Amino acid sequence: MNSEKTFNAYREKMNKKILSSNNKVIKRIFNLDTNTFSDGILPLRTKEMLGLACSMVLRCDDCIKYHLGKCRDEGLTNDEVYEIFAIASLIGGTIVIPHLRKAVEYWDELQTAV
Amino acid sequence: MNSEKTFNAYREKMNKKILSSNNKVIKRIFNLDTNTFSDGILPLRTKEMLGLACSMVLRCDDCIKYHLGKCRDEGLTNDEVYEIFAIASLIGGTIVIPHLRKAVEYWDELQTAV
Amino acid sequence: MNSEKTFNAYREKMNKKILSSNNKVIKRIFNLDTNTFSDGILPLRTKEMLGLACSMVLRCDDCIKYHLGKCRDEGLTNDEVYEIFAIASLIGGTIVIPHLRKAVEYWDELQTAV
Amino acid sequence: MNSEKTFNAYREKMNKKILSSNNKVIKRIFNLDTNTFSDGILPLRTKEMLGLACSMVLRCDDCIKYHLGKCRDEGLTNDEVYEIFAIASLIGGTIVIPHLRKAVEYWDELQTAV
Amino acid sequence: MNSEKTFNAYREKMNKKILSSNNKVIKRIFNLDTNTFSDGILPLRTKEMLGLACSMVLRCDDCIKYHLGKCRDEGLTNDEVYEIFAIASLIGGTIVIPHLRKAVEYWDELQTAV
Amino acid sequence: MNSEKTFNAYREKMNKKILSSNNKVIKRIFNLDTNTFSDGILPLRTKEMLGLACSMVLRCDDCIKYHLGKCRDEGLTNDEVYEIFAIASLIGGTIVIPHLRKAVEYWDELQTAV
């Protein structure tokens, strides 16, 4: 299984488990997340860019991977993704760079996976 | 002096002082910041949205103010700004809300200042 | 107006403004917050302790103030609050101490305000 | 070796190494940690809940695992642990969710390990 | 009263109040802090540089002020302090810059206060 | 391949990939990083100590590893490195300890690798 499939399979397995717990607050957070990341006043494409940039400055590798997959789905070009990488690295500082390395690696895998 | 003018005046006074120090690394960071936040592959309008969202999840009031001013300059609508507020509050959690309050207050002042 | 009243008045004024914006995601986050901080499997008293500790390690002065007010309402003793301060300072490190100073100042004001 | 044993074995091996260094400050931090997480004004059970919530909003997977083990020892129910998960996810935002997935996975392993 | 005096007076007043609470964990954290920031294997001068840099990347204005005062006491030159500012701004990113502005303002006040 | 070689090989492979993207902002950040971490007003030795301490309080394992390698190159003694570990653990709190464990493990590998 390639990186994207492994990542998504774990994510889906655990989401299912979490939602089966019947904790209403967690269910509503998950539901709100689904509703937020859909076309609204801002198109989904823009929202995914925001999600990617926020994930980078907060240095969450899994969140970065998730939004990279969505950015690919939304048709972001390589140059656009790198510009988001650049803005996040500038705002978040060099502490972001180890996460940038993993982001670039995963982004490349997403390209070759098609 | 209104909020925006007070904010900008302090910012400019201190930036001038910082740059007069002749520390090359700091100068280059400031310079890089200016170059990054200009039209590139992504238009400045999109970059300012990214800057605003990142500032909110990192919970920096002054950074939020700065990017709100720029978002106003780039013609973002009230609904667009609130959608960025929403995404940042969802990703960053309720810990972001006190910063959201100040952001909304400043955003309103920016409107009436025109 | 004392500290608590000033704090609450600003908080309520801005919450009202934020909710009048009709952004559904933000409304739902506020609503979820209200629902979460009520008696559930865990009593509200315990939840407010969790809210206070999380606010301290995340170093959000306004969040700390808010949960301190609620901890007072829930009848936490001085020793209990200080034990939460201690745990948060240990986990979060000495970087938490400036926030501890403000927390102690506000906690004292809450006592004398009664 | 199951997850819990692997986790604890590494933790103990490294703690031993760290303490053998004879750095007094580190020794005292470790000692203070041991003393703090014992029954005091607040029972250990409550303190472990605080430790778990703080670890989640600070997004430290190892700290989450550690406190989950202790919460199990203190007899927290599944519903109680999920309520702490919910509060931490609300306060810390969706950036906490990847850590929630790992937390749920480890919590399940702790149950079956008995 | 000048900035430094105001800052130190509040700090001392609140520290006294905190320590009068008789919470042993907090007392030991304060005590440990005092012991750590004294000459050891590393001279205090180096430790204060580390304290300043850490305070900047963690973006704590009061911690920055405290360590700037100590750096002044330890005889750090203007150029040395700016080099620490530069390293912290690079590692921590442009989100550190609003804190850099306040740091520079306070550092200047410390010079003229002599 | 030992830990240090594996770490450096991945780091260099990805840096090369990132720089081949021709994103000017990222290139300049990398370039600025190289220039900053060289002898200046402060010797490189001191700068690497600052880099290590900042990496620890920001809890970035890869950044810690990188600066540990450089601290070894700059001839820091075991006691000096542990004193930096102590300061970072005090400032950053016990949430730093899981990163301290990995840091100690890697530091030991760096010694035996010689």
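Each chain gets a letter, A, B, C, D, E and F, in the order it is written, and its residues are counted from 1.
The rule is simple: a residue touches a chain if its C-beta (ideal position, glycine included) is under 8 Å from a C-beta of that chain, and two chains touch if they have at least 3 such contacts.
Note that the structure is predicted; figures quoted are calculated from it, not measured.
Between the contact lists of chain D and chain E, the overlap consists of A, B, C, F.
Distance from chain E peaks, on a Cα-centroid basis, for A.
In the contact between chain A and chain D, the residue numbers used by both copies make up under half of all numbers at that interface. Distance from the chain A centre to the chain E centre is 37 Å, each centre being the mean of its Cα atoms. With centres taken as mean Cα positions, chain F sits 27 Å from chain A. Once the centre of each chain is set as its mean CA position, chain C and chain D turn out to be 23 Å apart.
For chain C, the set of residues touching two or more other chains reads 25, 29, 32-33, 36, 54-55, 57-58, 79, 82-83, 86-87, 89-92, 94-95.
Arrangement of the chains shown, judged by which pairs touch: all-to-all, with no pair of chains left without contact.
For chain F in complex with chain E, the residues that touch the partner chain are 32-33, 36, 40-42, 46-47, 49-51, 53-55, 57-58, 77, 79-80, 82-84, 86-88, 90-92.
If you check the complex, the residues on chain D that touch chain A are 59, 78-79, 82-83, 85-87, 89-90, 94-95, 97-98, 100-101, 104-105, 108. In the complex of the two chains, the chain C residues touching chain A come out as 24-25, 28-29, 32, 35-36.
Against chain C, in their complex, chain F makes its touches with residues 57, 89-96. Only residues 10-11, 14-15, 17-18, 21, 23, 25-26, 29-30, 33, 54-55, 58, 60-63 of chain A touch chain D when the two sit together in their complex.
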